[in-house]
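Next come two complexes built around chain A: one with chain B, the other with chain C.
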Partner chain A sequence: MKEHTIPVFIKSIEKLTPQVKQFTLSPINMTKLPPFSGGSHIITYIAGENGFITRAYSLTNLPDQTDSYQIAIRLSENSNGGSKYWHESIKMGDFLKISYPKNHFPLSFKAKHHVFYAAGIGITPFLSMMAELRERKTTFELHYASKSEDLCSFYSLIKENFADETTFYFSNRHNKLSNETLLDHRIGTHVYFCGPESFISSFRNEAERLGYPKSSIHFEHFAVSFSKNNKAFQVKLTTGSSISVSKDQTLLEALLINGINAPYSCRVGRCGTCEVKVIEGEIEHNDTFLTEDQKNGHECMLTCVSRAKSEKLVIQLN
Partner chain B sequence: MKNQPIFVQSKRKYLFLADQKGLTILNPIIEQAIINNDSFEVVFLGKQKEFLHTDIAHWLSQQKMGTYLYVCLPWKELHPIKLKIEEVGFSEEEYQWFGHGDKSKNVFCCRCHEITEVANGEVEINCQYCHLLLEVSDHYSALRHAYLGYVAKL
Partner chain C sequence: MTYIDNLEQFPYPFKGNMYRYSNNSIPLDVPKSVDITSNYEEEIKLKRQLLRDHPKRCFQSLSHTLKAQWEILALVMNHLVNYYPDKFSLTKTNTLWTFRNLILNETQQFIYGDESTLLQQPLDFIGRHVQEDLILMSERDGNLYLDAGQLCFPANWSLAFDLGMSFREIHYPIPGFKEEKLDDRILNFLLRLEAGNPWGRNNWSLMAGNRLDTSLETFDDWGKGRKQVTAENAGDLVHLRVEVQTLFRLSRSNGILFTIHTHLLPLRKLAEKRAWLEQFYHILQELPPYIVDYKGLSLFKDVVIDYLKVQLEKEDAS
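So, the complex of A and B:
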């Protein structure tokens, strides 16, 4: 399966905070890029040592600004190529390919009021969502936690555009964002969480404990599979081939590099397109698509984010 | 629409909106909330209903996420209340509703576009406004919240 991509070049690079850079991507052979809805992301394809490094990033520009796209990337301490490459090697004028915008974190059309909870770089999907709601004249609020004002990406943009809707929480001022604010949302509210895994699970659990219906709770975590604890593993396909997945690679990347026609779409563990059958081995599931029962069964896995717990896996592509 | 109220576990608060008869139907659920030591509120809808509607809308709109609502009212009073409930933002996963008593039907007049309320089971009726004789069809219009009434005698 070959995905349609769009060739773009780096039009500008801006340092938002000591750790976050914003990249503006402009189209090469078209004047406009495809329009997108609030919460969309793209996949970037960067040529690396062993094939392409593919990463998902939220679009942070306004949905109706389509002469270029913007993405914001935080340099992660345990980066294995993705954010490190973006921060250290990419220059203005460089060419790369990106996917068409995908949206697996859309706004609810039923909500009477939207509340966004962001921690750190988790702010990125909310910028386009807030712009879309402003346009639709729907009410919303943002609760945004960061270490300090200096480390707070998009601080001035948010102050300028969404001051009335936003509460900032800076931990260096001992102002901590607590999940107790979930107590105050009026009926008809939908909540959206984006940030580190622990942040998301704390808010999700509390919302569920209070009795929020599942369909009113939305969340997104990128980069979940790129932790420094990742280990390399071996995969055998039922067709006979054997593939090694390095600690810096996803299983999907390894399959594709080895010329295997593995299916995929979102690459962030939400759509289920990349599901394969597991014949042998235990799985560390990192997706938000499979049910708990499916995860515990160890009979299927999503190759874009999940990895082997054991040293060896045997899988079958459908 | 469910026939029997079902207790939905682990909500921070339960609301009950009912008339006298409705309360008896919801009683097993209220008892369950009491046994569980859950917090709950009962709003009794007495006789002066018109007067109460704005208050009810206000009360509903003050509720927080995590609340679960049970409504049990005579069929013909149910519809306007349901509209309010949904307008305020309760989703299908956040409330259950039950009607009791005679189920009446709204019929939409194909000539004057007014609505006439009739007892269930009637097949021919006179439009209450233009008095045209209407045949009550099976065709329910979600837009009008009524069954379409066709000209009975062509």
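So, the complex of A and C:
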């Protein structure tokens, strides 16, 4: 399916910390961009040498601010194109395409109280969520961990707008955010985690262990974490063609580069659009969409994040 | 007074000689939620009469839906002025909006977001200017709920009864829906619906009579028509009823707008198109009993098949 996109240009670039840049995107054809719900992100499409570089970034501006969007990008040490390109090559005035706002990290409707846990650049989705809760007059709190005040993105914005709700944890001051604070929340609280994989899993596991209902635990991976141990593998399609997936490529990318019209949307293993049937082979599931039973069945997989455990897979596109 | 489509405008819904329940949605090439047909004035008059005489049957909303209702009003108004600039106009001066319906020669000024400046709730207001029924499904904690709607032309269902129900609860009575896991698949499809990428589908049934307002509440009035079908009157009495439906994700509230435009065509007119006559004859003959029952055709399906057969033979003879 061809997705409808919005053409925008880079209106300004601001350095928030030595590692994080904020980009302001303004519409070209429309006078206004669509408003969005708290927790929304966009996909950015940048024409690169080997096709489009596509990445998902949370919108950090206010949900009803529609003259421009803002995203904040941290330069990642082992960037495979995305953040490196944004940091080193993107200039003011550049054109790009973005998706309409999508929300895979919506606020709970039934929560009595919302608690956000952010590590590093994981703060980004929470800015619009807190703005929305403020407007709804619902209570919330933010626990935000960073290496130091200097490396803490949006520090002054948060101090200015959410001082009463926020606790900062700076590891250079030996003030570490511990998952023990999960014990302090009242029944009916919903918790939201965003940050590195290890941070999310530590808080998720502890919340589950403490007896938080699964439906009260929310989390978002803001990027696909590329394991250094990825292996290349072969995929055969039921239509006959064979495709090689290299170690630094996703199955979805390999399908698209080979001209196969494979479905996809979020590219982070969340929405399920890219699900395909697996006829043969074992799968390393890296998504957060399929149920445990579905994963163990080895009969379906999400091409955007999951890989082969065996050397070869046979898959069927619907 | 009749509300009958002419042959050229009629959205004939079938693609093959067999019909089963499925998620037959397709992406909309033109992102348009409303359609103005030659019956516009008649149908709007009828709608407003029904809303005046039976307000609770035709409009329902939960209190938390006002923001989403404003978003629907804005979306529908934008479509009206973009697709029918000679029939509607909209000027915005900050938050003061002036909406003109040039077909009915009506002007309404209001402050966007301020309910006290409209005589009705936003969804109820804009619904009075379009032939479509408008339903809001809210996304709350990973599920979809019918939280507001203006429904004047239901195909045998009740808005007051369904208000606040989840997607699964509403569709529970459809035979095979749960057993074949269609409910899960369609719910997942809807939850993945994204702003900027609307979808559409058609639904159909057969009606003994030409009423648009076939609510569950008035079944005693119109249901008995099913017993009055004969081979002689079937051509004029029985109508193919087709609903053109669209689905739009609302980017600000993260809800879904579901529009339903109902079209009626008497079998006599349908029979004028040889291809339609032949195909519909095959579909009815093959239709399994559980679908015949649920669509309310059991009492007159055989008479209709006889009628269609006679028409086919007539054409063969001439």
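Definition applied: the second predicted complex is superposed on the first by the 303 of 318 C-alpha atoms of A that agree within 3 Å, B and C clash if a C-alpha of one lies under 4 Å from a C-alpha of the other, contacts with A are read in each partner's own complex, and residues count from 1 in each chain.
The rule we apply is simple: contacts are C-beta pairs under 8 Å (C-beta built on N, C-alpha and C of every residue); 3 or more make two chains touch, one makes a residue touch a chain.
Because the structure is a prediction, the values reported are computed rather than measured.
Asks: Which term applies to chain B and chain C once both are placed on chain A by superposition, clash or fit?
Replies: fit
Asks: With both complexes overlaid on chain A, does A:D64 touch chain B (first), chain C (second), both or neither?
Replies: A:D64 sits against chain C, while chain B stays out of touch.
Asks: Looking at A:L182 after the superposition, I want to know if it touches chain B, chain C, both of them or none. Which is it: first, second, both, neither?
Replies: first
Asks: Which partner does A:K112 contact after superposing on A: first (chain B), second (chain C), both, neither?
Replies: The first partner, chain B, only.
Asks: Kindly classify A:S215 by the partners it touches after superposition: chain B alone (first), chain C alone (second), both, or neither?
Replies: A:S215 contacts both chain B and chain C.
Asks: Please work out whether A:R55 is in contact with chain B alone, chain C alone, both, or neither, and reply first, second, both or neither.
Replies: neither
Asks: Of the two partner chains, chain B (first) and chain C (second), which one does A:K21 touch, if any: first, second, both, or neither?
Replies: neither
Asks: Given the superposition on chain A, what is the angle at the CA centre of chain A with arms to the CA centres of chain B and chain C, as a multiple of 10 degrees?
Replies: Approximately 60 degrees at the chain A centre.
Asks: After the superposition on A, what does A:P34 contact: first (chain B), second (chain C), both or neither?
Replies: So A:P34 only meets chain C here.
Asks: Once superposed, minimum distance in angstrom between C-alpha atoms of chain B and those of chain C?
Replies: In the combined three-chain model, chain B comes within 10 Å of chain C at the C-alpha level.
Asks: Share the list of chain A residues that count as touching for chain B in one structure and for chain C in the other.
Replies: 110, 215.
Asks: Please name which positions on chain B make contact with chain A in the complex.
Replies: 10-13, 60-68, 88-91, 93-94
Asks: Residues of chain A touching chain B in their complex?
Replies: Going through chain A, the ones touching chain B are 110-113, 182-189, 191, 207, 209-216.
Asks: Okay, in this complex, where on chain A does chain C touch?
Replies: Those in contact with chain C are residues 1, 3-6, 34-37, 40, 63-64, 99-103, 106, 108-110, 215, 265, 271-273.
Asks: Hey, which residues of chain C end up touching chain A in the complex?
Replies: 27, 31, 64, 71, 138-142, 188, 192, 194-197, 251-254
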